[in-house]
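These are the structures in question, set out in turn.
Below are two complexes that have chain A in common, paired first with chain B and then with chain C.
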Partner chain A sequence: MDLLDLIDAAQSVADGLLFGSTYALLGIGFTLIFGVMHKINLSYAAASIGAAYGSLLLLSGFTAAPAVIVFMAAALCGGVIGALVYFIGFKFIPVANPLATLMSTVGLLLLIDEIIVHTTEGVPLAYPALYSDVVVRLGQFMLRGDLMFVFVLGCACMVLFLLLLYRTRLGIATRAVSQQPIASQLCGISILQVNVLTFVVTGMLGGIAGAMSGAAIGMLSPLLAQPLTVKGLIVTVIGGLGSIPGAIIAGLIVGALESLFQFLRGVTERDLYIMMLLFAFLVFRPGGIFAKAPGRD
Partner chain B sequence: MLDVSELVTTYGKIEALKGVSLHVAGGKITCLLGPNGAGKTTLMMTIAGILRPRRGSIKLEGAELVGLSPAKIVSRGIALVPENRLVFPEMSVRENLLAGAYQRRDKSEIAADMERMYARFPQLKERREQLAGTLSGGEQQMLAVARALMSRPRVLLMDEPSLGLAPLIVAEIFDIVAALNRDGTTMLLVEQNAHMALKVAHQFFLMEQGRVTFQGTPGQLAEDEVIQRAYLGTRRAG
Partner chain C sequence: MDFYLGLAQVIGVHTLLGLSAYCVLLTGQVSLAQAAFFAVGAYVAAILTVIFKWHLFAALGVSAVVSGLTACAVGFPALRVKGLMLVVATLAFGEAVRLFFFNFTYQIQAGELKIGPHGAEGFRQIRYFPEHGWSTFDVLMFIWLMVAIVMACLWWLDQSRAGAVMRAVGEDEVAAHSSGINVTAVKVLAMTIGGVIAGIGGGIFAHYTTHIEHVQFGVILATFAIAYPILGGLSNVFGTLLAVIFIQGFLIEGLRFLGDWRNLLFGALIVLAMNLRPRGFLDAGGVASLKRMLFAGKESSGA
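== the complex of A and B ==
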């Protein structure tokens, strides 16, 4: 491998890191819902793509809506879909039955997928690729404007989200419910409120992540739902179920490695290596990147 | 102040409470004694609204609490320090106290109450930014009490605050209980440590197998031969 190959490899890692912010957002969503409810919401990534489609629908009257509006519309749709997913897939199912909600969210995943396919007849729709004409050159490297935009937006969302979780009253309530549900009720925190809020906030993050992947790829297709679901779950497991910093780091790692493997081995083999990464984590570090030391009760 | 009457709580078909009635007088410490499995914790969880009773009523100064959500019951003025403390392990001491004040909006008053808690529990002040899960058992118990007090309860329920703590720490916890009561807090205390309870409580109820089987003052309790044998161990059976 000569120098040029190395530069190309580094370039693909950089591209992957930038796109990895999408995976990080999805990972946060999966992991937060798991942290609060101790249940997996398999429909999450499909709902995120659904929200990106929703933003196209909302803005169908306008020819060229500014980027901010597109993403705000996607966040709005994501929040609404998140609340719907909670009320349809979780609210009326007994708390003690995680398998039932697993099945109900598989059902919702298929439902959202089908709705997308039937309303668009399965034809991919163009999604506004933002700042795709901007290219920043750093010596041998070039950073694509659309990917940088996606990355900066993803980081901004994560910062806002972390502030919400660690600096506000609602954040305290959310963490209280996830750590000790009975005691949180004794403090006067309503679990229903926290659950709905969790689904709305993660739905908004998901909507933005869906729009980000649409903007990075330049189009939306129902075929995006399945790989995003798988990648989101892999990121969640590698990050450590329930760990938010873990989800962020794992998202970036998976994004970077995916892009590197695609450069080295081609698009058909790429996901194989990501699966092997997951396998290695499950065997050698099943608690994820930030596996916790056991504490007192 | 707090009146429980004919309370029945079930787990499936098993009746854990078979018609419990008791009265907690305002400004006093009422103590609930009884062996494991008597239904003491079930009673506390039912009063706090975590468990729904089948029948019966719970009245705080005449207002019915049965059917209200746990959050509503907190806002009516009842706080429970649960068995095993149940602090939020991955939140700091300060955040645990803030969680206790969740229903309050008076920011400056919350801050003032927090300072009061730090004054009463100096160990918590030292560790205010430490994660609650890393505190010792005694410190966690104090945090659980302080967290409950942050909601400014009219009645404080405490479920076995001495559980699993060293004798010296237990004595400290009971000093705190007595001090809180002197400041006017009404308390319902579940305790297996009858010796310690005798020193602070004004009124006793004994629960066995889901029923109240004895009630009286500390004097009456100390004189009752059966209770002496079972809970105080001062006289040997046979």
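== the complex of A and C ==
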């Protein structure tokens, strides 16, 4: 491999790293819902795409809405969809029955997908890519403006989110419920309230992630939901269940590697290597990137 | 008439797929890899009958063994983890298998044309049934004979000690472990049985559709596989059959007159069913009251 190939490889890693912030946000959402509810929400990525569509719908009256508004609308829709998902798919199903919730979120995934297909008649919609004309050149490399924007936005969301989780009363309550639901209830924390707020907050993160992937790819399609679900779950596991820093790092790694493998081996084999990476983690480091010293069972 | 025969074939094969997931779910494991075992069975059986000109029964036997071995091999590393981790691990395995077949080309020259699996185009010309003079009705009978055999075996397994052990592991792993059950062995065994059943189902599937390709074995099929037993309830094998008839017969075919709205209703009805009957259509209580209704006249105290 000569120098030029090396530069191309580094370029694709950089692009992937920037796009990886989307995966990181989705990974945080999956991890947090699992942390609080100890249940899987398989409809999360579909809800994120749905929120991105919702933002288009909300802003369809305006021609050229500014960037900030588009993303805020997506976050708003994400929050609403998150609350709906909680009430439809979680609230009325007994806690002791994780299989039933798993299935109901699968039903919601199909439902959200079909609502999107139904309202858009299956046609992919163009999503406003922001700063797509800006290209930053660093010597041999160039960084695409839209991807940089997505990355910066993703990082900002993560920082805000971590502040929310570690510096506010809501964050403390959320973490308390995830560690000891009964004890926190005895301390006067309303579990229902925390659960709903968790779904709203993760839904907002998901909405932004959906809008980000829409902006990075340049269009929205219901076909995005399935790959994003798979990638989000992989990120969650590689990062370690319940670990937010792990999800962030894993999201960036998966994004970078995916782009690198696409460059090296082509688009058809790309995901195969990501799956192998996941298996390597499951076998050698089942606790994720930031696992504590392994305990024996 | 042919339409109903075809529908009955689909229901039969999907019942096999659902039963393979049922077996794994009994031990409390959620496996999204059943579609992958199904795919392995389909490709192996089709390659054996088309390229090596084997008899169908021999090919199905080999595909069952290969799928079972695959499931056993996946079982060991995958069952180190549980819950969400297992879902994701098996999901990733399923996708990896699908992507393998996406990139898998193995063709031989047969007269004018090339036969065998060809990457993204899939595997065409699986013409065992027409070439050997099986009518649609013969195929249907064969499928349902297999379904009946598998259901009878699983029913027997359920009633035997092995079934009790599997349910014990599913209900409370720690308690099962401390009463001397080798939990890993039970889980891997359940996974292997599931793989064997999925392999048979996949082999039959390949032969009646005559054309298989990687997209058929994606996440959606894997989700369907676990949806049948969960919707139907895990109290006995008939729950799975009921759920397959409900989904394939009613939701997919019966609601066709709704056109576009059918797909919308599909997800919504699954959500609704899970809210109303979280333990499945045929849960333990339902079975008990059904028994009382059926046998009320004969024995008043027995059931």
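Keep in mind that, in the parts below, the second predicted complex is superposed on the first by the 292 of 297 C-alpha atoms of A that agree within 3 Å, B and C clash if a C-alpha of one lies under 4 Å from a C-alpha of the other, contacts with A are read in each partner's own complex, and residues count from 1 in each chain.
In the analysis below, a contact is a pair of C-beta atoms (placed from the backbone, for glycine too) under 8 Å apart; a residue touches a chain by one contact, two chains touch by 3 or more.
Owing to the predicted nature of the structure, the values given are computational and were not obtained by experimental measurement.
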item: Chain B versus chain C as contact partner of A:L241, first or second or both or neither; value: second
item: Touching partner for A:I172 - first (chain B), second (chain C), both, neither; value: first
item: First (chain B), second (chain C), both or neither touched by A:S190; value: first
item: First, second, both or neither for A:L278, with chain B first and chain C second; value: second
item: Which of chain B and chain C A:I182 touches, first, second, both or neither; value: first
item: Partner chain in contact with A:L3 - chain B first, chain C second, else both or neither; value: neither
item: Complex contacts: residues of chain C adjacent to chain A; value: 25, 30, 77-78, 80-81, 83-85, 87-89, 91-93, 95-96, 99-100, 102-103, 120, 218-219, 223, 226-227, 230-231, 260-261, 263-264, 266-271, 273-275, 278-279
item: Of chain A, residues touching chain C in the complex; value: 34, 40, 88-89, 92-94, 97-104, 106-115, 117-118, 226, 229-230, 233-234, 236-237, 241, 268-269, 271-272, 275-276, 278-279, 282-283, 286
item: Chain B residues within the chain A interface of the complex; value: 48-50, 69-71, 74-75, 79-80, 82, 84, 86-91, 95, 98-100, 102-103, 131, 133-135, 137, 140, 147-148, 151
item: Residue numbers on chain A that touch chain B, as the complex places them; value: 169, 172-173, 175-176, 179-180, 182-190, 295-297
